[in-house]
Every structure is written in C-alpha cells, then in structure tokens.
Amino acid sequence: MDQILGNISLLFQFPVVNLKIVVDGLMIGAIFALSAYGLALVWGVMNVKNLAQGDFVIAGGYVAWWLAKKGMPPLLGVPVAFVVMWGLGWIAYKLVIARVIERDLFTSLLATFGLAIIMAQMLNLLFGSDTQSIQLQYDTLYLFDGFVDIPIAKLLGVLMAAALAAGVVLFMKNSRMGQAIRATAQDARAARVLGIDTEKVYSFTFSLNAAICGAAGAIIVMVWVIQPFYGITHSVRSFVIVTAAGLGNLPGVIAAGLGIGIAEQYGAHIFGIGYQQAIAVLLLLLVLVFRLIQQRRMRQSLK
Amino acid sequence: MRKILFYSALLLVILASPFLFPDFRTQLATLWLMIIVSLTWDMTGGQMGYNSLGNIFFYGTGMYVAALITIGMVHPVGEYTDASRSELMLFTDGQYFTGVLVGCLGAGLFCAVSAAILGYVTFGLRGPYFAIGTLGIAIAAGELVSNWDWVGGGQGIQLPVYPGNLDIGKLFFYFLFAGTGVALFIFCKWLYGTRFGAAVNAIRDDEEKAEAMGIHTLRYKLTAWALSAFFVGVAGGISAFQLIHFEPLETAYQTINLGIFMVVCVLLGGKGTLWGPVIGAIAFHVIKEVTWNYLLGWQWVALGALIVVTVVYFQDGIMGWLVHKRPEWFGIRVEKKDVGEEAA
Amino acid sequence: MSAIIDVKGVTKTFGGVMANTDVTLQVEQGGITGLIGPNGSGKTTLFNSIVGYHPIDSGSIHFEGQEISKLPVQTIARLGLLRTFQQTRIYGAMNCVENMLISMPHRKMSFLESFGHNTAGDRERAEMLLDFVGLYEKRFLRSGSLSFGQQKLLEFAMALMNEPTVLLLDEPTAGINPTLINGLIDRLKRANSEFGITLFIIEHNMRVIMNMADTIYCLAHGKLLANGTPGEIQNDQRVIDAYLGAH
C-alpha cells in the first residue's frame, strides 16, 4: 500500500514521469488498436466475437521471432507474419468459423475459445513457455534531459502500425472487396440479393483480420515481449477497446486503443507489472459498467 | 415404482463404489467434483442461457475462503501463510473437522454473496459480454491472489493433513463430494420444477419477452448465479482440504483446466437438462482418465479440439440427441400438420 | 371514468425523422381504446414509448398517475402495463400449458412464492384461459408447431394469464384467418368486460376497431389527426383523406 502511494506521489513530484508513461502508452496503444480494429471488423461483418483474437496476435509474433532467429531481418517479419497469418486465418475460417456464423452467439464464442486453447498450446509445444522478444539494434532518442526515452524500434513499430491501419482503411474505402465487406456488414441478406458472394466476403474478412493481428504481433515482438499464453490478455484488450468505441468506428477504436495503452501504463506504474491482466480486466469491467449506465439511460441493455 | 427402484439402485452404486474400487477412491471423488461443477454450470449456462466462462472463480475463491476460515479460527493467518512457519502450527482433530464444516459452508456463502455482487455488474451484460467479463474476472482473480502475500501469494496455502488413517481420509473426501453432489442433484431437480425454474428458462429462451411479461429478470439471474456459486464454493472448499496444498494459478483459479472442463462436460451431456451434465461429466472424466496419458503433451490441444468439435458438430449433446431422436420419451408433442386436429 | 394512461405532448425522433410529434391522448380506465392510422404513422413507436423500449424526446407519460417515461420495460411491465408484439413472441420450444405457466403474474409473487410449484389452481386457470381462446385441444402441443394465428391467440392468452391492469395489443388480428376474426373480437370484448382489463389496441382493420372501441385516436405522419367515438371517426373527412392518401 505504501509502495502504491509512493508511486502515485512520484507522479506529482516529477511531472515528466507522466510524460514518459503517456508516450509509452501511446506507442503500445497504437498496436492494441490494430487487433481491436480486426475484432471490430469481424464482429461487425459476420457477428462473430472472436476470442482467439489475441492468439492470432501472439502467433504472428512467433512467426516474426522465428524468422529473426533464423537470421532474417526483423522488419521483414511484419509482412511475412501478415501473409502467414492470412493463410492460418483462412484455414481457421474454413474449418471452424464458417460453421458457426449463423449459429447463436455462444457457439461462436466457445468455438473461438477452443481455437484459442489449441493455438496457445501448439505455440507452447513448438516454442516453449519462455517469454521471447527481438532486440533491434537501433538507437534510443532521449528527450527532456533523458527522462523520456523513445527507442527508435518502438517508434518504427508505431509507424508500421499506422501504415498498416492506413492501408486497411484505404482498402475498405476504395476496393470492390472493401465495398462488398461494408455492404455485408450493413445487411448480409440484402448484399446476397444484390449478388455479393457473402461466403467469400466472410472468409476474406476473417483472413484479413488474422493477418492484421499477425502483423500487430510481429510488431509487438519487436517492441515488447510475447509468450504462448499472453493471447487471452490481448483478446481482453481488444474487447475493451471495441466495447468502448463501438463497431464501425475507426477513429473511436484508435482513440480507445491509445487510451487503453495509457491506462495500462499508469496501472503498471502504480501497482507494478505483476498486475497486467488484472488491469486489463478491470478496464473491461469499467468500460462495461460505463456503457451499461449509458444504455440504461436509453432504456436498453447491452447486447 | 420403477423410479424408486432406479434411484435406490443408483444410491447403492454411489455408496458401494469406493469400496468396490478402493484403488480409485481419489478418481471417484474427482468424478463427483466434475459432476458438481457441471451441474452448477448448467444452472446458469444451460437453464438460463447465461454462459459463464469464469465459474472457476468460485471454485478458487471457495478454496481460499475455506482455508482462511479454518486457519483463522486457530492461528493468525499472516503468520501461518508465511510458508517457513506453517509446519510448526498444528491443529487438533476437533479444530480440523470444525474447519472442514465451517470452512466449506462459509466458502459457499461467501461465493454466493460475491456472485450476487459481481452479477449486479455483469448481468446487465448479455451474451458475449457476460462470458468474457466472467472469464476476465477469473483470470484477474488468479493474478491478484498470487500477488497477495497475506494469503500466501504465489506459493499458495498448506492445509493440515486429514488426521488419522489416509484410506479413511480418502473415503471421507469421497463422501463429502458425493454427499454434496447428491444434495445438489436433488436441489436442481426440485428447483427446475418450481416457478423460478420456469422463469429462468423463459429468460434463456427470450429474455426480452420475459421482461415484457414483468418477470423479475435481474433478481432471478442473481439468485440462480448465487445458488450455483454456493455449490461451487463448497466444492472448492472440500477440494482445498483434499489437496492439502494449493496455489492460485494452477490449482485454485485453474481457468483452462476445470474451468473449461465443466463447460465441455455440460455440452457433451446436453445443456439445459437435468441428467445431461451428470452424463457428460461421467463420459468426459472416463475419456480423460483413459486417454490423457497417451496424448504425450498434446492433451491440451486435444481438449481445445474437443471443444471446437463438440460446439460445432454436437452442440445438443447426448441428451439433446436423445430428445431429438425420441421426443416422445420426454413428453414432447408437435402439431401433426397433415393428420388434422386430433393430435392432442 | 378516469384516464389510466395519460400521454401528454410526446415527441420522438429517430435521427431527424419525426416519428411522433406532440401526441396527446388518454386511455380510459376499464374501456377499450383504439389507435389507428396509415402505415408509418407512428402507432408502434408510440406503443414502444409507452412500454419503455426507447426514451422519448419530450412530453410525459403517466400510468395510474405515475410518470413512466423514464422507466425501463421490466419496471413498467411490473406495474401491470403489458403489451403483445406485432410479431408474436412465445416460447416455441415449450407446450402451450408451459407457456401459460411461465406467464404467471410474477409481479404479484413474493420472492419466496416464486420458489413454489404451480398449484392445481394455476393449471386450471391456464387451461381455462386456453379454452377461452380456443386452444384447449392443443394445450400439450409444442407451441412452436402451431400456426401463426394460433400462436397469436396463445400470446393473447398468456397476456391474460398475467392479470394485467392494461393490455396494449399491437394489431391483434393481423395474420389471423378472417373467419376467426369475429371470434377474436368477441374474446377481446369479453376480456375487457369479464376480466376488467383495460385494452389499448393498434388495429389496421377498420371494421374490427369500429366494432370494439369506445374511443378511437387516429395518427397520421406522427401527429394526432382526430379522436372521438367510432361514429365520429368514421365520418371524419380528415381520417378518410389520410387513409385514402389524399393528405
């Protein structure tokens, strides 16, 4: 308890510490926003709440980590993870997701939970349960007399995340497939009537989501750490962000992602890093309660 | 008459099995644990349509509460859980058995109350939010407890060993679990026949309609979850004494072991039925005991695959399949469209 | 007679579209009040505002003197203000009697009573009401296998089982075999006179509503167009215009 109070008073004594926390939070939050955007996509288009979201992230991270271990340039891991996870996502769609889309919510939730367990355990068998990361040989920028340190690697990660997000947004806006996806999200039956092959849209969307997650994971392994069982925490984060932002609201997802990143960094500073999952869950509950109150005012409940 | 015969035979099997298979007493006790958690999961998951992925929270909490009550009645908890000294602090037989009784009941009550409080937050949530919220609570609880030194932190807690003959000890725990299980089964059988049971089913089938009819949905949901949490808490308490030593992440809040087993058992047996969870628990436990060691490290992958396959291809479970094949056994009659009005 | 539902100046918009504009009406206690209007005139929106499915923008709604426009659905239902759905909602996997027993008036039960079993009296009442709507023969059939019209009758019986003070019916005759409509009118009237349930009915079928209601309100384009006895409404030029599309 004393330690917690000490950590809090530190924030007031040295305001620049806040700055460091915020910068760190923004950098991590940008990557959280990526996988959350993928979740919002799948949720909105095919109404599947994907609990394996975080495991796609971690799997993508292991792809990049394995490549780097084999001597490939680490940055190449991002596009490779994108492609590999695209393939894995497609397989997962064909084997499992395609059969649960039209079923009730819990079916898809539990099926993806099963998927999450399979993936986490496979990664554990293949790579062991140690935490892994890629150390990039880049400099660190020091700002504010060295109080705020920004490793170039992290900055690069944020830039890649931004580039990927921009690419996906442009794709959704301009390409025919993007339009088909948006049409299906609004009304799948109407889209079918208009001749859109929704089955193709679904498999494409889910693969795209897995790919986005994979790329996010490849970035995370460079700026942070991964471990086979960290997936569920990432899934919870994605759910926090999407619940806070709502579906089909990209600026909201980015804002919420950054906010979660900052909130988690503050939590880690105040309570210590041993509470990472607990903080993510606490944020989820807070967001849910807030949304609940909001909905109650609308005489509705969260569905 | 046939029913009485059936249930007496069943009771006889329950009473005799630990003596018929003395080498399997611990496994049989675990089987009862699975039956208990499956039945309790079905109270909300199957009967009410609220699928919690975090009921293991009550199991772990039950373990801790039972242990803390037992210890707290005799020794200062903080000193006891400081592992280096727990060997020196002893319990008399009387203290031990009082601890088991008060600890398990206290664990049940504590869990029921915490379910009511947590439910107040999470029951505004429907469907996916509820499942994820509860899962999150269970995961977070494990982490919080392992950071809490007063209850032993990541080291967990060491409870006193059953005083007396260890074989008798195994029987003791078998009958504790079996007794709780039988009581729970009878309780469920009664509960599902009441107006409360019907209202809970109505919430599952169409909550909006239930609300529009003025059913106290929140009150019933909280009550159902609290009742289910009570029995999980009691089972957790018994487990704590049976296992002697437990720690937060792998034994108490074992999210992916028992936490998922109970869901799989219910799905296998058929959710929303009285016998489904029991049959599913027996089937799953037997399959698991037989195959687990041959899977050479791939057990958990196989478990994940089992979940996926059950959910995707066999969601109604054994009982659901029976209902579908033999609806008349369950007294279901449908309008025969071509035969006319005489169907009733 | 006094107004049991008192709607004053209710306005409701959906993203700029005025669904209800300044609607004021009263439902008299113990009577049958009708609400008519062409498609899209805001009848169901008004129903939903009354029973609590969405918030209203301005105005007030009183039930038995109590402001209810901010209460959620369950609370309003527990006050004794019940509605049936345009698309029927019954428990399709259960048989008719089970559906009826689920509709027991839980709002009148204490917490402990809700743990009781249904009594023989409850079952008798359920069967009596099923007989009342003409479903006695089918009482043990899975309700999902009934025809749409029969499901509608079942929903009506369920609402009666619930012993409401006021029952809001959203197009009770839509989708019902025309030969059965006279029987339904008769039952609605009996529900009103024998069980003392105040009825507030949305109805498209003019003949039906003219035969039943004591007072009729007509909505058009979200606004209250006219109100009065069936005779007055029938001869109101504005109502005729609205229905013929001349408005």
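Order of writing sets the chain letters: A, B and C. Residues in each chain are counted from 1.
The rule we apply is simple: a residue touches a chain if its C-beta (ideal position, glycine included) is under 8 Å from a C-beta of that chain, and two chains touch if they have at least 3 such contacts.
No experiment lies behind these values; they were computed from the predicted model shown.
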item: Most remote chain, CA-based centroid, reference being subunit B; value: C
item: Middle chain, criterion being Cα centroid separation; value: B
item: Centroid distance [mean C-alpha coordinates] between subunit C and subunit A, Å; value: 47
item: Where subunit A and subunit B are represented by their mean Cα positions, the distance between them in whole Å; value: 33
item: Inter-chain centre distance, subunit B versus subunit C - centres from mean C-alpha coordinates, in Å; value: 43
item: Interface hub residues of subunit C, defined as touching at least two other chains; value: 72-73
item: Subunit A, residues touching no fewer than two other chains; value: 296
item: Touch list for subunit B against partner subunit C, complex; value: 191, 193-196, 198-199, 201-202, 205-206, 208-220, 331-335, 337, 341, 343-344
item: Subunit B partner contacts - residues on subunit A that touch it in the complex; value: 49, 51, 96, 99-100, 103, 105-107, 109-111, 113-119, 121-122, 124-125, 232-233, 236, 239, 243, 272, 274-278, 280-282, 284-285, 288-289, 292, 295-296, 301-303
item: Residues of subunit C that touch subunit B when the two form their complex; value: 51, 72-74, 77-78, 80, 82-83, 85, 89-95, 98, 101-107, 109, 111, 113-118, 137-142, 145-147, 158, 162
item: Residues of subunit C defined as touching subunit A within the complex; value: 52-55, 70-73
item: Complex contacts: residues of subunit A adjacent to subunit C; value: 296-300
